[in-house]
Amino acid sequence: MLMHLSTWPEVEQFIARSRTIVVPIGSNEQHGPTGLLGTDWLCPEIIALEAERTADILVAPTFNIGMAQHHLAFAGTISLRPSTFIAAIGDWIRSLTGHGFEKILFLNGHGGNIASIEAAFSEVYADASFAKRRAGYALKLCNWWDLPGVGELAREQFPSGHGAHATPSEIAITQWALPHARKSAHYAPQIAPSGPIREALEFRARYPDGRVGSDPGQATPEKGEALVKLAAQSLAQELDAFSLEPVPA
Amino acid sequence: MLMHLSTWPEVEQFIARSRTIVVPIGSNEQHGPTGLLGTDWLCPEIIALEAERTADILVAPTFNIGMAQHHLAFAGTISLRPSTFIAAIGDWIRSLTGHGFEKILFLNGHGGNIASIEAAFSEVYADASFAKRRAGYALKLCNWWDLPGVGELAREQFPSGHGAHATPSEIAITQWALPHARKSAHYAPQIAPSGPIREALEFRARYPDGRVGSDPGQATPEKGEALVKLAAQSLAQELDAFSLEPVPA
Amino acid sequence: MLMHLSTWPEVEQFIARSRTIVVPIGSNEQHGPTGLLGTDWLCPEIIALEAERTADILVAPTFNIGMAQHHLAFAGTISLRPSTFIAAIGDWIRSLTGHGFEKILFLNGHGGNIASIEAAFSEVYADASFAKRRAGYALKLCNWWDLPGVGELAREQFPSGHGAHATPSEIAITQWALPHARKSAHYAPQIAPSGPIREALEFRARYPDGRVGSDPGQATPEKGEALVKLAAQSLAQELDAFSLEPVPA
Amino acid sequence: MLMHLSTWPEVEQFIARSRTIVVPIGSNEQHGPTGLLGTDWLCPEIIALEAERTADILVAPTFNIGMAQHHLAFAGTISLRPSTFIAAIGDWIRSLTGHGFEKILFLNGHGGNIASIEAAFSEVYADASFAKRRAGYALKLCNWWDLPGVGELAREQFPSGHGAHATPSEIAITQWALPHARKSAHYAPQIAPSGPIREALEFRARYPDGRVGSDPGQATPEKGEALVKLAAQSLAQELDAFSLEPVPA
Amino acid sequence: MLMHLSTWPEVEQFIARSRTIVVPIGSNEQHGPTGLLGTDWLCPEIIALEAERTADILVAPTFNIGMAQHHLAFAGTISLRPSTFIAAIGDWIRSLTGHGFEKILFLNGHGGNIASIEAAFSEVYADASFAKRRAGYALKLCNWWDLPGVGELAREQFPSGHGAHATPSEIAITQWALPHARKSAHYAPQIAPSGPIREALEFRARYPDGRVGSDPGQATPEKGEALVKLAAQSLAQELDAFSLEPVPA
Amino acid sequence: MLMHLSTWPEVEQFIARSRTIVVPIGSNEQHGPTGLLGTDWLCPEIIALEAERTADILVAPTFNIGMAQHHLAFAGTISLRPSTFIAAIGDWIRSLTGHGFEKILFLNGHGGNIASIEAAFSEVYADASFAKRRAGYALKLCNWWDLPGVGELAREQFPSGHGAHATPSEIAITQWALPHARKSAHYAPQIAPSGPIREALEFRARYPDGRVGSDPGQATPEKGEALVKLAAQSLAQELDAFSLEPVPA
């Protein structure tokens, strides 16, 4: 069930049978010469939508702008500051738990989001912790590439040149889901350099075309399909397990 | 051109020929017994995408969560506080103007967003104003129903029972664009009550099924199509005019 | 009854008979070559004080600094950022509702304040809405020129050249109430230009003497008196109606 | 010269001859059974206006709401949180220094404001200090009772029962300036108790009628007049000295 | 009892017999040519530890970074903005009162901290005051040099050249406690100049070697020892008195 | 060189030869029945001080309070909210880089700090990234247990029962450095349970004595000594390498 295509009575009915929801979350940021700017929010959205085709899960709208300050030297990147991102995630969580959701899984598509999302969880939990009361809900961060089996498949598909940004696995997923938006380019070097990630201008100096350690030329829609199918299946299982997880009284 | 389906070099090329961008912005909130929760962000997205089919415009990802505190008593509503919303809009604007965009038009789909969006504009402009320097860019808020001709068409289509929330015009738009997500219900009363809008529980007490002054039963996909086509055409013209607007030196 | 000239026991007694209060709110900002910097907070204060002469209403101290970032290029303008303004309005509201006031009417004298005041209302309401509890109070924004009959009178007095800033109506009001502070100047052009309002330096480039669309030369103390008398009467009626407005339980 | 009764060209002319401005700042809070709620912002306003009658000084609008959380258990008190107060003072300072003012003297009427005003000064200075650049302006806090000679006169007028809140000196000043608003009551005990000041309910428990250590019954308009005349004279001298104070280059 | 060297069950046991805790708080900032950067947090820590040797008191970890924006032009100074400092003090207080502490004494070592600490107290108290509920705890700021008898001793030890920053008394304390870190220098002039304290670059222009009004050359470890012994004794008595202070119900 | 025991001229001299500084950072929080509340800030401080004995490095004061909301149900825990922690880390960084430091290594002792520290880095970098200018400095987070070789040694020393909180390795370090503060207790069960970490009351329900997955009974001062010696050596090498790391121009 897709929340944005449902009515409030339909969501109310869903809550009557399940207190769990998945929020695709990512970033709109440069992904090298051929990766879509939307890659990091499209991937979790694609996986969640695929999972929803066969499982009775509720998918929230996609949180499409994340923490991407280090990509701001490339056109099209939109970033929230960590403090803004944390505040916004907090408002999402307070909105959803106010409706009775007790398990919120953020399916993340951007490594640069991880720290801020975890900080946001602690910021929200702190309301309960300082007040010495139970929060009454549990939050979980799950990167799609960490879903059971997915990392293994990606390593098998791309034994070298997977890299850390504009990876062939994420580009393969968008190639499969959005075939009309497939781009191509000559990569020089074939595998991009690696190194630390700091602020935007230093990033662009280190990584002139935006890629970090990756060779996106290895991506194919077929590999993308395999990743999505497996990830969707794993996601449904994760949501099931999360739903069943007991919360100490 | 859709930003999220483009690469950074493509956006860089666009900026070389135009400094204008449109950001669809809305809200994910209850829309009565038959309106989709995503209605307010889907409508501007639908209109912007329709405009993009024939005009050389750049459409940013949709800002899909807005200021909807008054709808929080209905399941599925997700709201930012005004302060969070203002901070987030500010980060979007700073990201985009950093890339060289000089005209940003927010195509809005939610009346409850208007005050916070305008406050956000002033918050961002204030950086320049306090520092006694030129901002170098212009921001514009445009509600889709205020696009030239659109309000007139809606009044013609729905001479009574248009109302203020869960209106037949916005529901018609989603019916046309997302026919598989069309819902139906018996409305009692046919036209919902009207009155002031304050906080969430009072809102629900006044407007038990979520509608305000509207009879969404009048919506049809055909009326939606007419609204979208006209709005898309007007949007393209607005963007043209905005692009040409001189900024005093 | 003027709050600042009353003691706390007197206010306590007032609350025993009425839960309604009016807060004059405005801005200290340039008003062209002849308008007083205090015009926008003086006008609602003058109207509220006039109303208080005959009606049993409680007038709070005047909130005299508002959101005027666009006027900062003219000497004497003092502005809060929207975020500061919203925080301050929130503290006023929490102070007053803490004493038992249930209806707070902000009588506003500055168009540039509107968005931030409404955003502030939502920010305060959101505390209740996120927590799924009733706020227990109602907030109302009322621009003095929107009081019943006042706009009509102003249009009648100034059929042309009323404009949007440094209007003859607001200047007439201060001429009547503060005759010793009446200023005169040659206006060139007689009616100032109109256009969009953005940041401070652009504003000054567009509107060199600070006026927007107005010819303040039409102002007279007599017209000001008529406006104040009518506005005061309308305000008292608005406060009565607001007091009686039922709040859903 | 009163800023709110001046035009922007008049202020511009003032700045051409002086870069110094005085801002009366106080609080709207309970002042015992007979003190006006506005006492703390009226006193510095009265003194500044008296000084302005004979000296060429510029008086800003009065900052009338301060930090009075400890008085919130008494009706009519309006308080900003320290964080809000600091932000607002910062915006005032940035507005004024943007116009070219280099010396801003805050003439304070409320002891509870002192810490927040000083913290606000440091918050604003910190912008320059972190950036290793000169601020280019100087800020000064001056409590009216600390103006040269004023404390001595008050101690002479009220050798006992002056106290710390709702003092006979401040009440005498409002009696002189606002004779129609003079109140009377039986004080029991004649001199109120003294002690620490913390949060609002504890404050009311310790100080049931709102006074702290004072016997306002000793106030007379004549004593108020003497205080105002002396304070006004001292203020003009302080402003002169502050204007002349060299700022290291 | 030192909190950081205790276990949580030990602290729990302490709370069972006392609800009072002392928090040493200071600053890490330049202290002239011979003063240690840590002087202002070391002094209260040294005094608290000395007091703890003979009294059953609980000493929290030292809050070692305070508000020192005016010292930022000298290497090694680390400063929080007032707003950050206030937020952090608030989190400390909420953490400690959440464990049941009812009396928190901040033993301060830096004059520049005073305003922000007091503002922080009001910020925390305001939560209770706006909500019209009792805080249930009391906060006290105590500068070590204001402990009973200590100021007198310092004036006796250093009748001239004590000054306001990098004072011989604070340097004497660190000389006694940390003899291996004793520094020496030629002071020119012997007694540093005095004057106002504003932002960092102006500070350095006025006070080229960092001292304000002081002659630290008079410091000796013996004088430091006498100050510490007396201050420790006074602190223990202050904590006793604070513990016994009744809080109105 | 320890910053807090140095003078500003000494730090200035250090900066002339090195632009690198290490900041020990941790948390004051429960560490089970025998772990010291200060464990997480003492460990990095102990390691940094050990490294400083033989290497020419500069050690900043210890940032001793971190993000420990999940431990707040145990007495003695003091926590900052993530938002406060991020703001404070930002002020430390801005202070230090203002003095010319170009490489700041945070030596961290608390897993719960990681997300907030990384978010803080991005928050600070974002100032440069949004403004499209180079930051001019590099920030590095290094957990002491991730220093080269240290994790391996700990796994060798504690092949089972190392766990995630109140680990034998961290307790061994404090046993060695602070032998007088060594505590003992009977652990039941010997190895504490493991699981997710969320808010404070849930944490205490899952982990009744505060340990997570650990058997601190295996700690000995000798093991602690070995860990410290190795970690100190690795830290000095990390600082060397970080100092030499080229920053793209």
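We call the chains A, B, C, D, E and F, going by the order they appear; numbering starts again at 1 in every chain.
The definition used in the following text is that a residue touches a chain if its C-beta (ideal position, glycine included) is under 8 Å from a C-beta of that chain, and two chains touch if they have at least 3 such contacts.
Keep in mind the model is a prediction, meaning the values are calculated, not measured.
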Item to check | Partner chains that chain C and chain D have in common | outcome: B, E
Item to check | Neighbouring chains common to chain B and chain C, by label | outcome: A, D
Checklist entry - Steps needed, at minimum, to get from chain C to chain E via touching chains? => result 1
Checklist entry - How would the chain E/chain F interface be labelled, same or different, where same requires over half of its residue numbers to be shared? => result same
Checklist entry - Roughly how far is chain A from chain F, going centre to centre by Cα mean, in whole Å? => result 29
Checklist entry - Distance from the CA centroid of chain B to that of chain F, rounded to the nearest Å? => result 47
Checklist entry - Where the CA atoms of chain C average out and where those of chain F average out, how many Å apart are those spots? => result 54
Checklist entry - Using mean CA coordinates as chain centres, what's the chain A-chain B distance in Å? => result 25
Next on the checklist: Quick check on chain F: which residues sit in contact with 2+ other chains?
Outcome noted: 72, 79, 81, 83, 87, 91, 95, 98, 130, 132
Next on the checklist: Please list each pair of chains that are touching.
Outcome noted: A-B, A-C, A-E, A-F, B-C, B-D, B-F, C-D, C-E, D-E, D-F, E-F
Checklist entry - Can you list the residues on chain D that touch chain B in the complex? => result 94-95, 98
Checklist outcome for this item: Note: in the complex, chain F contacts chain E through residues 3-9, 11-12, 15, 28, 30-38, 41-42, 60-65, 72, 74-81, 83-84, 87-88, 90-92, 95-96, 98-100, 178, 181, 183, 210
Checklist entry - Touching chain A in the complex: which residues of chain C? => result 130-132
Next on the checklist: Touching residues of chain D toward chain E in the complex: what are they?
Outcome noted: 67, 69-70, 72-73, 79, 81-83, 86-87, 112, 114-123, 125-126, 128-130, 132-135, 138-139, 196, 198-202, 205-206, 245, 247-249
